[in-house]
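So, here's a batch of structures to check.
First subunit A sits with subunit B, and in the next complex the same chain sits with subunit C.
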Partner chain A sequence: MTDATPFTRPKYVGTPVRRLEDPRLLTGRGRYAADIQLPRMVHLAIVRSDQAHARIIGIDTDEARALPGVIGVFSAADFAHVPDIRAPSRMPNYQATSCPVLARDVVRYVGEPVVAIVAVSRYIAEDAAALIDVDYDPLDVAVAAREASDPAAPRLHEELESNTVFTRRFSAGDCAAAMDAAANTVSGQFRLTRKTSMSTEPRAYVAEHDVGKDVLTLYGSTNVPGIVRDAIGRLLELGGNRFHVVAPDVGGSFGGKGSLYPEEVIVSDLARRLERPVKYVADRMEELTSGSQAFGEEVEATLAFDDDGRFIALDADILGDVGAYSIYPWTAALEPVQVAGFMPGPYRIPHFSATVRGVCTPKPPTGPYRGVGRPMAVFALERLVDKAASRLGIPPAELRRRNLVNAEEFPHRTGSGIVWDRSGFQECLAAACSAVDLTALQAEKARRTDKWVGVGVASYAELTGIGSRISVAPGMPMNTGAETAAVRIDSTGAVSAVFALASHGQSLETTLAQIVAEELGVRPRDVAVVQGDTALAPHGTGTYASRSAVIGGGAATKAARALAVKVKRVAATLFGVDPSDVQTGNGDIFVPGTNHSIDFPELARLVYSDMSTLPQEARETLEVQETYDPVFGTTTSSTHVAVVEIDPETLHTSLRQLVVSEDCGKLINPMVVEGQVHGGVAQGIGVALLEELKFDDAGQPITATLADYLVPTSAEVPDIDVVHVETELPDNPGGFRGMGEGGTIGAPAAIANAVADAVAHLGVEVNSLPITPNKLHALIAAASRQEGQE
Partner chain B sequence: MTGKARITLTVNGEPFEAEVEPRMLAADFLRDELGLTGTHVGCEHGVCGTCTIMMNGVSARSCLMLAVQLDGAEVQTVEGLGTIRDMHRIQEAFHEHHALQCGFCTPGFLMTVCDILESLPLRTDAEIRDALSGNICRCTGYDHIVKAVRTLVDERDGAAS
Partner chain C sequence: MMKPVAFEYVRPETLAEAVTALDHDDARIIAGGQSLLPMMNFRLVQPERLVDINRITELERIERTKTGLRIGALTRHANAARDPLLAEHFPIVAEAMGHVAHVAIRNRGTVAGSLCHADPSAEWPLLVTLLDGEIEILGSDGHRSAEPSEFFLAPLVTDIEEQELVTGVHLPLPAGPSGMAFEEVAQRAGDFAVVAAGAMVRVENDTFAEVRLGLGGVFDTSVRARALEGALTGQRARAEELEAALPLAIEDLEPNDDLHASADYRLSLVPVLARRALIRALHRATQ
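== the complex of A and B ==
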């Protein structure tokens, strides 16, 4: 008997467990919102503004209403009972915008919803949309943020004092004096153009009203079901017991499905009014013109340093093009203010000063996107670091080594007030650089004439798993710092773990199962992770901001640990031993070295069904709910190294090598971590080389298809080397740090530095991303013209 | 909007007859009329490859075709590739290599891989990357997809892995 008793418990955390969500997704048996078909379901199409800024004179809906199959045509007046969407902020001198679910009187970007049409099929709804005639009186536009920030510029919101909706200043030390006294400074004007998250699944929503029970359910491609439930609940005056938001399988978000959208409110309201399920599926053009957008920032910055390369002061002026409306719930401050917040990076910079402004422009609202603020901050700072290195003739990696916060200096408070806890800043730099033969590359660079070769390094740190003491979005009056896990063993002995998270590619059904399995002593496949349904979890916001592993994983660790204590206590009574003698593992509960062993179904039977074996007081409910709030957050650090080759004829930049070293604490599943890094880096390649949403002078989007908005394909992305660095583990239940966004934070800067290195001999600098062949050509032509004039 | 057209086709080995509007997209027909929602729609203009199906043994974009063009065709969708209990080797390779995250683009990739494994030598990873470049994945950065396909090519060619 004793031979069969396992003594060593299998380890699940830290092993590449194959994903539990895969089989359904691989066989076409997943269920995404657009896959949902319900009896009597009707379909929504939206007429969107074709003007960037205009007054609505009239809307002629007669022909559309007369079309057979059309059930209803709705404009702003039909939603008078729904309050405008407003994202409040605690920031002083912040002006919140009012966003009606359908444009009322004025449209403020091309793509803004104006008329909603419901018909028996999507085809007929779109036929009807083509019959709607909206009469506009165009208003003046200031399309570029700098132009819009001029007090004399046409105002987008008449009720606001200006297009500048917030200004915030950061200051530490005496930046101006330190700048004046410094031996050296380098400056630059840096820009990240607008981009979009472009998840492959377009947004889709289906709302169903159970009239008999008066329960409304919104199935939606969202990564923040809890936030959507709370927001629409308030707008439509529905309690959470009458309104549920379900995120089924969701086809990526990267931030684009992380805000409240008017369409979510519209389908929810119409499903109740029409007493029929209502479905809306965005097409790609709608996604590219009305999904939340990213970046759109300019940073003018100066770095001061001494002759040994020690950083002394950093000054930054940041202008954010926030679009027409302040996005809910994150506010317009989300991106630009975090650019300022993360600007000092992972370095010791005693003096810091930054001014950041957000300006409304007649473009779609900007919202969260992978990396939030950090891609811009890291790009600007890391370009300055390379410029400083070049000024002093110090190798870029060496200059970083001299300035990165050292192991013994943690916790380190940056000039913007962020506190870095111990993370492998120096270790990541060393690991990434040792994976690349920098000396050989320098030799090759000098030798090659057919290609311009460049190497770029970028180091950064990010705050992940942010707790309740810090707003995930600056000034946002909403606590996103906690998550709850409810882990239960039912009467069949099966384990469920319920979360308010909403996995949309992050593999949470596997990684959270690994954590619960590890702590409870079952196998990962024995644990059903339930998430993405507000009916099942009273509070929790969702999956975003590199928080799910730290906060959700922390809650899972706490809850499963507490449940294991209960399990052992019950088993100890049964075996007549001390609870500390009982162990669990691989689905068994046992006392090592004895023949005391039962499995979870037997334990559940004894507790829930058998009324004689255990005394009543020992029959504990096998269920634990725990909440985890990290209060602050934990620091993830990384260094990226990029090697590029540029064809002097075509100016095509190809990435030859990309190395990422990262300290993300304890790895739950190394295979999943690698996948997250690869995907983040691929999007970073898009930021650096390809992805740009363009608007003409009238505010018309000119990148409304995937033939115009280019994203990386397999041909543009190289093999990516990932080096895991583990230093001291962070002080949270699982020892995890968040890492879902990092790839997109470091890669743009590393690639920009590599391209800059490759073209340095031409007197060209890389200050704006993406750096496309066209832009490179213009820069080289300008540089050679200038040389000709000199 | 005018009359409907009658089409006869085979999908995943099962014969179907249907009356469709001439303007109905093949992707919408498979998803909404036949309930085969494993074929996803990502862009409706033929760029992303998410809606890729096999038609008469060759990969095709079901968002760029009309249902009437499926008349007489033999169509295979992801549902016909393998089941949860009995996955196709391509599906297994994607599972082993963590070649999917959100899974939305995955059916399109799987159908493309069906085609390229039959039709292309795929000697180098660069050739694999080139052959996959008509399908967009936003999650994986392609690295694990390329590794999965490399494994499949090696198995096909009898190479020692």
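== the complex of A and C ==
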């Protein structure tokens, strides 16, 4: 065949394929854990501690037990057979906490589960909860991390040596000497207050025990079904063939559904004991008081630089308010240690030193939250960079340009030991800055009197798709570096791709289908992505840490590629041609320029059902399972630019423009990437301007409803410009970099810098987020008082 | 806790039936349910009987009276915002409704529900205070009415008895052509006001014939800035005069101080919003 018809195979990777999950989710046909109704199902309500730190003297459950409709009332003694939840670490001198599924003897935060009540309805369960009387003897509290870190402070866990559960130091070069010798330094004390991830769907669990088969299934709104399966399997001594965890549709997590929760263990155990399905749906107040929380760090940092603005040294002291228990499996080191790890950012900083401590406080445990550690690190560092810029009178973007790692310097090892592979640090900065007219903004800033206008830039780099060589959480002794894809063509010719991932808003049903479709030569809608079910999936842990596209997508690429080879081999036998002549595309298998053509259902029929067409040895099972482990990780970089306007009289702050340029390698689906950026930025706006969990001096949460814990609504989120930058692709099967978290990493710092720029003329600095009009008012008042005194 | 305790549910079809249904030890009216249900779900209130007045359609009307407009108790915020009579005589209502919560809540929430809930930051109590409204109340002893200053006693506390119901509010028409304006600062779009200000200005012969300024969110209840109003009446109708009177806007009361806004921040907003509202009202009055 000399003049074969040119064939252009449709491209799916890189195109904005409409989300395959949308018709289901947008028409209310999704099935979430709370939608599950099972015969004989009973309902769980939980009596939670109303004390931050107290000894349990007694629990009177008599009245509750007597209430008609109540099936059982359980306290710690009823769970004596379940070991405490402990998150071990390989970190030297790390003190792991013991967390009983129901508080035993002592409660350590307001919201901690104390009594579990099962009744025929949630209403009755809550009526019974109101009848339970827990007698507490209050213990002393040290609510603030700094206070709790004092060796003399009341100890939250008697069996531990101190509230400080770990201390870790990082050092590269000779930071102290470099600081002393440097021409300039800027310092600051930065704080990100506590937050919680607040997904639309609260946590919900239903456990069902098939008594006949002795199989227990937990349907749960989790993004780590594999981790939950292994953990509860160990606690309840159940093998993975007798215990399954299924994540059905999950309405967001943002980290909050990424840890093991006592409630998951409780419903699983009670479903077996009661031989009835047990359901628990957290209400919003429970989400705000017992869902995992995040941030709560204080960072004291100094950046040294020469007169040309070249960074020389960075020193940071990080105090993490980790809450009452170290969360499973990530440990209490998850957030604070990564603040230190990511502190050097995307810059060349030869000398680095950091000390990080994690302190137990009588507050809900902290856990993963979109961006983990990086939002704090980037906020602190990018504020310092802006302070350095203003000290030297160099434009902030220019100072960044001088210090960002250049293309020819990759791979670059940061002072904390993270290695950046090639990513478009400079390219992202340049792209973001050219999307805003910085000169015009400067002119407007000077001209306008009705509004204070401010512009803020933030650049960052993050490690995504982390492989088996690195712990996703520092010191965590669990390999989360691999995922497996099983891609199968069944006897109807339909394609299924099975993963242990658990999409909860990432569009994996679309993006993974795009990858498989492209490699295999079918259309995305021909591929059913099956995920979130440990009974069906090969080994894997779930969806978190910006890993699914890189690791899951890598496994999908490998498996679908290998399956395409099989398909071509079978077809070649059928057509009597060489396998290399066979192509696939659009659901067909063919030899270009000939009339050899067959579709997938027909090929499947010939392989599985037909008894004669193909020789027996050619009837290969059309199924491939492949695992991908990137070993290390790959770098995603980005620059955010925010423009804010502040009403000088009311201090109402509005975001006028937000530009994000990111290099996430090859885009699987630009629309999905933009959606992830938009969502991440919205979350970052909450971090910067609104969200704060507050506790009083007794450790009582005072932001326990959504009237007090303010999350951004669509009115607070401006249109976001996303600029895709694609530099050299990373060395992984698909050329993908993770990007699910990035929006939340850059936006807080960019917005903080923009607000700081807008109020700089008042001598006010932005060192703590969120920065609200109320706080700005106090800062401005303090600054003018000080000016008055001088 | 997000489930209410069990309650009896009654849905009268007429006002008379409603009055009978309310003759109970522990009955509570439900109108839009937008404030009551959250409180019931938190078990902050646990009424034994809920009296649902949503079927009493006569309470939904907005009508002209000899001296003003009568707004039925069940008028939804959204309907008030698009009512032609209100738009003609009290355009400030639609302006204020834009600040009340979100579309879904405005479609359910009612005028009387807001008045009876008596949140110090809510828009309706402020509007009724500003516009010298009269709150119409029905009980087993018949009808009575209350002025805003008698009706709103404290945050979430009103003068209404458990067996009574609000049937509507009467807004007297201003004595002549007027300008009105509404200003608000809230944390997010749709949040309860940190501070809100409503102004009404009447100008005759280039002088202020009448100036009214109402403030919400600052104190226990919505208030009128009587000192400022008195000082401006009779003055030349100029922005400078308004400006000069602004320090009088702050009443000698204890300002609210909470999680979202300190007393200082609130007080700093009072002259700002007062000026903006008064100046816009003056413009409208002289157009």
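The criterion applied here is as follows: the second predicted complex is superposed on the first by the 783 of 790 C-alpha atoms of A that agree within 3 Å, B and C clash if a C-alpha of one lies under 4 Å from a C-alpha of the other, contacts with A are read in each partner's own complex, and residues count from 1 in each chain.
Keep this in mind: contacts are C-beta pairs under 8 Å (C-beta built on N, C-alpha and C of every residue); 3 or more make two chains touch, one makes a residue touch a chain.
Note that this is a predicted model, so its numbers are computed, not measured.
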item: Contacts of A:283 with subunit B and subunit C, given as first, second, both or neither; value: both
item: Touching partner for A:237 - first (subunit B), second (subunit C), both, neither; value: neither
item: A:781 touches, of subunit B and subunit C: first, second, both or neither?; value: second
item: Touched partner set for A:210, first subunit B, second subunit C, both or neither; value: neither
item: First, second, both or neither for A:696, with subunit B first and subunit C second; value: neither
item: Touched partner set for A:123, first subunit B, second subunit C, both or neither; value: both
item: Which partner reaches more residues of subunit A (counting touched residues only), subunit B or subunit C; value: B
item: Touched partner set for A:715, first subunit B, second subunit C, both or neither; value: both
item: Contacts of A:578 with subunit B and subunit C, given as first, second, both or neither; value: neither
item: Overlap of the subunit B and subunit C footprints on subunit A, listed as residue numbers; value: 123, 127, 283-284, 705, 707, 713, 715
item: Subunit A-touching residues of subunit C, taken from the complex the two chains share; value: 1-6, 42-43, 102, 185, 187-192, 194, 259-262, 264-265, 268-269, 272-273
item: Residues of subunit A defined as touching subunit B within the complex; value: 16, 18-19, 21-32, 34-35, 37, 123, 127, 197-202, 249-252, 254, 283-284, 504-507, 671-672, 674-683, 705-707, 711, 713-715, 717, 719-720, 743
item: Complex contact set, residues of subunit A against subunit C; value: 122-123, 126-127, 129-130, 283-285, 649-652, 690, 694, 702-703, 705, 707-708, 710, 712-713, 715-716, 772-774, 777-778, 781
item: Residue numbers on subunit B that touch subunit A, as the complex places them; value: 1, 21, 23-24, 31-32, 35-45, 47-48, 50, 77-79, 81-84, 87, 91, 94-96, 98, 100-107, 110, 125, 128-130, 132-146
